[in-house]
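So that you can tell them apart, the chains are marked A, B, C and D in the order they are listed, and the count of residues begins at 1 in each.
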């Protein structure tokens, strides 16, 4: 039942592309599904193109549109700033919002560099003292199967951890004639598969393990070194004339493979690639402990695979738990058992957890500190890859 | 992009329980995802309990609340009546709405009897002449994998159909002490697994096959003949005293198994049960033709399994198509490849198709005639089950 | 360790085609894998073509070759007669062997008619009084996963049985130009998919359930009514001239679908087809009880799927037991855990169980009585199919 | 049909434990299944314990038993020496056999050191000039699905290779109280999971890729550093008294994780572990190219998963090829489509290929050179692991 006295929480979102659409779904839906301590109001969305942002506001249900993110932050009806822009503007917007007294939800990866991330953490630390909340959007933590896996690990169901193995595989640039989009250029994207996919799996591995990587050894590869410039490409990339014949250099990794060690002695393997033909958005993770194992596949996100190693061998095996029971995280609010959730539900859950964190005044997870630590792992990966794979500690 | 000149289409919904929540999700989301010829407005919701319906309106985003469905139908801001009540009131509400000039979306099964369904079809026929639309809510047709399977069958990809086999299995009443809820009593529910689950699979089988069953042979069973009366049970069920010891008779089927024939010569097998321990909401369907086969499992609703029998045997096999590509039905409007949809998306798609049907003035599928025909199949199933399984033709 | 004092048990096999090759593998291998109370000796094989049977003897390791099955039965070095001929000669050979004092292993189905099967049972009964053993070759009972499933059912792991559903699907005659081989003619094969595949699944369903079907309702279909006569076809089939244009009538079923009831109140569904494109040898069986469920797929014969319904719903699900542990039936004698067995191992296990049955003097399972009962079910299926699917009791 | 003029090929086997039993199955069965240019005769088996080897000979069908491998090599009725002993005696036996003019089949890994392997290669080179054959027993190459995958790669079905990822996971020493058996001591086993499991996956990865690794980066771990001495352990391990309390150091790796580069630019990831709870004998390998992908799982060894990336995205996906068609490698000789083979069939196929190699006078694959190269990869892995994971070239 709706709480008639629930206060309103005004949200302002910066950016309205893929992530903006997903976050809008989250904010629009959350109040209809969950009993919340405060009712989110979709106050305003911000983008540079006035017509486009107005259309996006209409489409996604935002009450107002802004073209200057500083104006959005300044609005009185905005208490939460949701940052959905590309990584190179995260730090500036998030820090400004925090300093303006707003709560901040920032898309992953937290920033394009460790230095930026450190500044964001410092801003969040100061803001926390003022009762503000800052969260980074590693949304996969909010898939119910992942949340339940985390609970099982915390409850000791897999015992002492030995192995984590995780791969995040896509295939959208297998074709060598796929154009040189901004995601394939370091100056815009920071890195390639590593930052985009690798940040997710580093966060998930650490979140599920309940501990942090202390060092990594890595290898990265760029299989296609030059690609056609996209239509309307900037001149600086090679002076593309009318034709599509002009090509420019790919300056990010196509794939990153790395191994790592946890402080507890467990070991981990990671693979992130955009060249795994047939794997569209395949994120598989497995944890092996001395009392059991867990496995998850994002392509079947309502399922969790669990092996209970304390059972007699003749009766044991990986069981497929359909994570749709009311006892499972987030599920009590949804449909009856056996009714599947999808990708975007992770954003509804993220919105829910953000609202509760604000109401409770507790720091939500993943915090900006968590986001910074993932950046440090990625930086260590890049350093190792540059230094012939040598084992590289992750700074604490 | 949003069409600023799109006219508004006011929706009024009767009922706000499980199905009402799902339909609300559909109406609330559809305009943010799809480009529509008209913008649905959630005008009013109706229920008997004033406080509860008001709370439901707030929660799900309906502008107004009504306690009398006749008042809802009479509202000027309602052009579409969405009937989400139990089956015993479908006919009365839907016919009244059609006669009042409203478009109607009616939950499945269309009615609790063939006679009611026939009256609804007649009302829909007259309404169609006035440009009104009537659709029955077999939402699983709108799972993208099902819609794509239908397209493949229509394109001849499986050739001449030989077999359809389908089972819809649940397990929520395995426990003999599960109480005698209304769904287990014929006077309220009409039938048991047959009407609830069987109607879905009969519709899906015929929809995918592209043809209709001409006869069936059936067996039904009620495993647990008596169950505890629920707390607060009506006296008529046996004068339950204070204790929970009182039990009443289960008057519907727990499971229904039937076979059938299509006009083309293909054969089909069906099974609907609430006693399949471990199967939460498992709807599996397979079609075999002389050029290929298709298989689908609702628990993995983003996947479609296809075997191309025209390929060399050494290279062929069931392939798992992840139905998340922009070329797949409904998918262009959603997320990038590999990002899963869930159960409730079928209601978003249903809302989309209803809006287009109204705008186009074309009869939507499944029509009330389709709903009536499913009722006739179910009636033939019940008749066969009463007559020692004898093959029973389905009236045309 | 080998028992040096183990006595020898001479085996004589009639027939050396597909089944003969499989049985030969069984007899050749069993003594190297299992500790046996008697050592099987491959004394003689019998076939009508002297050259061919001599070659088969050499190839498969039989010491001698015979061209007259009566001569084979009469041999002093034959104590066990293994009948691998087509069904129309089972009764004559098996009865003669039993009357000659030999133990008999007879391929399934036991016979082509109930009357023949009854005569065989009578012969086996008399032979049993003389200490002889008679077994019918439903080899799938000896897949370790099936044997373990049977043990779990017997141990009460799935509780009170509610459902059995089983399908045996193949696709080798999907092409309408596949020739009219003997298996498609009633005079030779008795029936089509029903006898060939249906006999297996009726036996498995009853074996796993631990009880017998009491009645069935059935539908059979022949999709392709005429087929090209094979090269060298007998004139009687239509006077085929030189060309391949001549066609003859298919006189057996292509597919059989039936439902059934067990005495306990459980219900069952069966499907046997040779028209399921892409399903090569797919035998899937599932049992649902009130304490759990079991599922098996012959294409993954080292795996058993088990759902324990007594566990909390949030932690339960179908687990995939890899049936390769030493505690599993037959497995102690084989490889370490995780090393797969194949189809032919069922024949090694069958040979093992036959040897032990002879040594123990106990009637082996499945007995000729079991084989007769399966014939009675199949006869009831055919009767029901002829009588508009009407429910037809299985004679006790 | 058997070729009556086929000459006999006498086989002598050294060792009769797990591998000896598997090889025996291969030699015993091969002639009954395949048409061979020469008929293998199981002449003699060799082991140190006279009684035990005699029993093994009886059980597995070897005509004679020897207790001195030099005597076995010297026998006139032995033309092929099959070396199934632990790795530390491979070099001595294999070289002696080659120098005595015998063909040699040697179990994997070829040797415990690169130096030994080099000496074996040199002996094999000299023997080849005399027409002798030397093969190393990487039996998994002979799983039909692997052989077919190799053919597909060679035919260009996956195009330019980008990724190989492979893991071989077991769980038999998860329990910290599992005793300190010889496999966990470097002086006997050479290495742990790396040599035992890693050798298989390095061979498979290179075999399927059709090219060799040029460098690796590796991390190894021993999770349990001390284990209980087994009953009857040698005194040198710590002077175990009567009790089971004495423990000794584990001196091999429990797990090895490594990445690698192929000369073509493709990258690979490897993981071998005995600590993956619930994974009994799980060997999974996937290859991604720019035209397609292949995946295989040893626990489902009759299946091959193939994605054809040249098909339209909407219709493509990983297909499950059941590798049981007569067109598949080795399958024509076996059962009809859909009938599964098992682990030991790889040894039957190995025996077949060895016989053909001898008859044809061509060097079989994998050759001793192939075995040496795998040893060099493993040595580079160990070197990298000792040097902080630094990228370590594999000597050519």
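List of remarks:
Criterion: a contact is a pair of C-beta atoms (placed from the backbone, for glycine too) under 8 Å apart; a residue touches a chain by one contact, two chains touch by 3 or more.
Quick caveat, the model's predicted, so the values are computed rather than measured.
Interface comparison, B-C versus A-B: the higher count of C-beta contacts falls to B-C.
With every chain reduced to the mean of its CA atoms, the largest distance from subunit C is reached by A.
Mean C-alpha positions place subunit A and subunit C at a centre distance of 55 Å.
Put simply, the C-alpha centre of subunit A and that of subunit B have 35 angstrom between them. In whole angstrom, the spacing between the mean C-alpha positions of subunit B and subunit C is 42.
In subunit B, the residues that reach two or more other chains under the touch definition are 279, 307, 316-318, 322, 337. On the side of subunit A, the complex with subunit B involves touching residues 1-2, 4, 18, 21-22, 24-25, 28-29, 31-32, 55, 58-61, 170, 172, 279-282, 298-302, 322, 324, 335-345. Interface of subunit B with subunit C (complex): residues 158, 162-163, 165, 167, 169, 171, 174-176, 217, 219, 221, 223, 255, 257-259, 261, 265, 267, 269, 271, 273, 275-279, 286, 288-293, 307, 309, 316-318, 384, 388-391.
The touching residues of subunit B, when paired with subunit D in their complex, are 148, 306-307, 312-322, 325, 327-328, 337.
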